[in-house]
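As structure tokens, here come the structures.
There are two complexes below, and they share subunit A, which is joined by subunit B in the first and by subunit C in the second.
So, the complex of A and B:
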């Protein structure tokens, strides 16, 4: 873990950032929400597939997005591209179980700023999201 | 499938439980099991395609999935959430297996074993 970053318990956002969590698993969406619920995001929205995520993002573009890849309706990598067309400076963290290197490379090629492999623990999701936030503020 | 292919799934299962539950499961010797669906069990299947076809099933008792959900911070355990958890575990193990199997491992059908009146689709 990056020692330069504050510990999760002490972490508070210095800017009113909006977060969108996209994953087809309700358990994972709620788990990520719980991990950052004390960080004072201006808003946290969730979506269970890419199509719903795009609907939400068009109405209210988030500053930070966590994005699953394998989802019904619209996959995460297509979502990454579509979101970047709407808001080029959005920070997207791809969170996926797909462990082949080509998936991570493809995600970054499409514009994702980070890649977190499932399963993840609290420390890993905190670290990955804190790095996204540091790049926004 | 060959034994080597199964190693990917064993490694993935170990890794999943180590990360989520903080302890690695013991891996026992496989044995034939009476396939009558057991009420309350949840099962998800991972299909392997390509030259060597096969399937890996992840089955767990309700109590075990509840423990995993607790580790995720859940305190309600309806069937939808239990099925979601089992599907996510299978997806994760299948996704991790792609490191060695490539895109041949695909997590697909998810069924609640109590409803297994028909066989899994092939």
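So, the complex of A and C:
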């Protein structure tokens, strides 16, 4: 839109941040990974359900987490709370396809910092993640 | 203006100070001068008064001298008869009447002497100029009088001396002579004293006049001074009055300014009120207790359908119009609006009230549905605290309704688009064939329906059975259209045919059919026909467009049957959780006799759809069985010119036929009795898949599963063309169809 701004795909992190992508859909995990592959994250990890996500997070707490709300094993809301207990300043971007905003409100109430509605495009995920990053840096 | 006035004030003060000196110094000097003159004159007057008093005393002395002189004369000139017993004592024998020898001058010498001494004393006072006078009388008063008086008195004294001796030595005659001699001197003395007295009186009069003048002067000076003082005072008063007036004017100015400000404020208030009245949005401020501020737009009242909002909370309003769950969510949300740790942008995104369906009681026991749109903006103080939230609320019911209408029309447009997209990628020859065939099928359907007596008169069970038979025929035809549409990728037709199939299935479950039940069906079929005409129309228009662009008639490269089959597999793989690849190395459509191409195409389409519906497992299921997630379909075909027949072998590597399911379906549809079902072998049960309505998937879907696909194929090949269809299968490994079609 504005040619003066650097393309979001070329956004470069100023700090070495760790990203964790939690989503039960492989397609969405891949999609997010693809959207931010040039952002120079220190590490990018993915998890297909809440339990795996928590396992990863306990070993290596990420700075930014994208979190699907509805997942098997352990739902996103419980994950948000558990992660915040481990690392209170973790920035969690909740991603949900639910038209019902109650879940979104609940997630933010429990401490998620951002919210993104599925389906999303490159611009939306870029914007949402950049907001998270700005809050960490 | 006001500020300028303020700025000028110190300068005014300076000039005021200057003028103060100018205006007050001179009057003060004048007052001082006048006062000095006044005081001077006053003292002058005092001295004059003292002089006057002195002169008055002197005048009295003069009068006293005259009376003393008279007394002396009287004392000395007392003549009385000599006393008998004391003749000898008579010292002065005189008689005015000398004829009376018995008379004697008996002077009261003592008294006369005392009076004389008094006169002498008075004389010295007169000489001094007064009893306590420091200087003698001025010459103009004194003149020669005093000298004359002293001389006369000296003369008189000489004359009187003999008379003053006691006892008197002189004879009466002598005494009388002396007295007569002194008469002239006495007279002179008396005159002289009176002259002096007159002069003194004149002086007194003069001095009195002077005094009066001085007195008046002093008075005048004081009066003037007082007047000047008063004048100054009044000037001062006037000045202070002027100042007061100035202050008053300033006050008036500021009052006017205030009036202006207040009228501006009133104007502003009126405007605000007008805005609040006219704005078609509910606007208000909400505090931490979710209380609705008293300043809100009028619209808010109509939006919330309440008479009074004062003291009400937003949560209170929401509780009335929202579901319990939504209300709780909204309470959480409103709490977070005041929580500065929550990012506002995130809160905007998750706003649960941005398009909320609410229900208001309509007063007659029912309710009215509205859609409201709330927006929340934090009001952040300088200290970064959130005290209030600015809330705007709009009634978006109409918009929502419009949006829904728009969505419906969008859907229609989408269908048209699908139609267009469908025909764009379809070879015009195939499309032509499709429309021709479909029109033919539709005409047949319509003919069947028209043939029925749709007057509503029921002919009992016989008619019901007949209707059901016809309906099955219709179903088969519609299903065939669907198959063709899927093959060509005409999604819109797939959609409509699916709807017709659904309708027929509904009718099948109806206990008793009547002609009227077909009305809906007729309409749907006519929609199909309309779509076909639309396709024709679109096709022509597209063709002309393409020709116009290319500048020459379009020569289409024909899409082969092989490509069509591959396309179908890809489409179905995309639409399902199954993936299959079709192997066509042993199949060449060129080898098929032209008049059998259509039936072979139809047959293969049905087989492929059947595989996707029943035989082929989902990728995950295949993975768990250790199979390649991608299923494999193979087609072999050859033309036996000797026997003049075409042989087709179709195989998929799915799970094979589910014989238990087929058995159950046969039982359900009454093709077999329980006994028969138990007795027939697996190989014997498989051919039942070609019976109408036998299906092995629990739910019908778009692909197949309504038990008509294979039914149709079997009907055409075996019944109409006299061919054969054989099956072979191995559980969890494959299923196979061997088809022979006479050519």
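One rule holds in what follows: the second predicted complex is superposed on the first by the 128 of 137 C-alpha atoms of A that agree within 3 Å, B and C clash if a C-alpha of one lies under 4 Å from a C-alpha of the other, contacts with A are read in each partner's own complex, and residues count from 1 in each chain.
Note that in this section contacts are C-beta pairs under 8 Å (C-beta built on N, C-alpha and C of every residue); 3 or more make two chains touch, one makes a residue touch a chain.
Given the structure is predicted, the values throughout are model-derived calculations rather than measurements.
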item: Contacts of A:31 with subunit B and subunit C, given as first, second, both or neither; value: first
item: First, second, both or neither for A:92, with subunit B first and subunit C second; value: neither
item: First, second, both or neither for A:131, with subunit B first and subunit C second; value: second
item: Touched partner set for A:104, first subunit B, second subunit C, both or neither; value: second
item: Which of subunit B and subunit C A:114 touches, first, second, both or neither; value: second
item: Partner chain(s) touched by A:70 [first = subunit B, second = subunit C, both, neither]; value: first
item: Subunit A residues contacted in one complex by subunit B, in the other by subunit C; value: 117
item: List of subunit A residues in touch with subunit B within their complex; value: 25-28, 30-31, 34, 70, 96-100, 103, 117-121
item: Contacting residues of subunit A [partner subunit C, same complex]; value: 101-102, 104-109, 112-117, 131, 135
item: Subunit C - residues contacting subunit A, complex; value: 325-326, 329, 332-333, 335-336, 342-343, 345-347, 349-352
item: Sites on subunit B touched by subunit A in the complex; value: 15-16, 19-20, 69, 72-74, 80-81, 84-85, 87-88, 91-99, 102-103
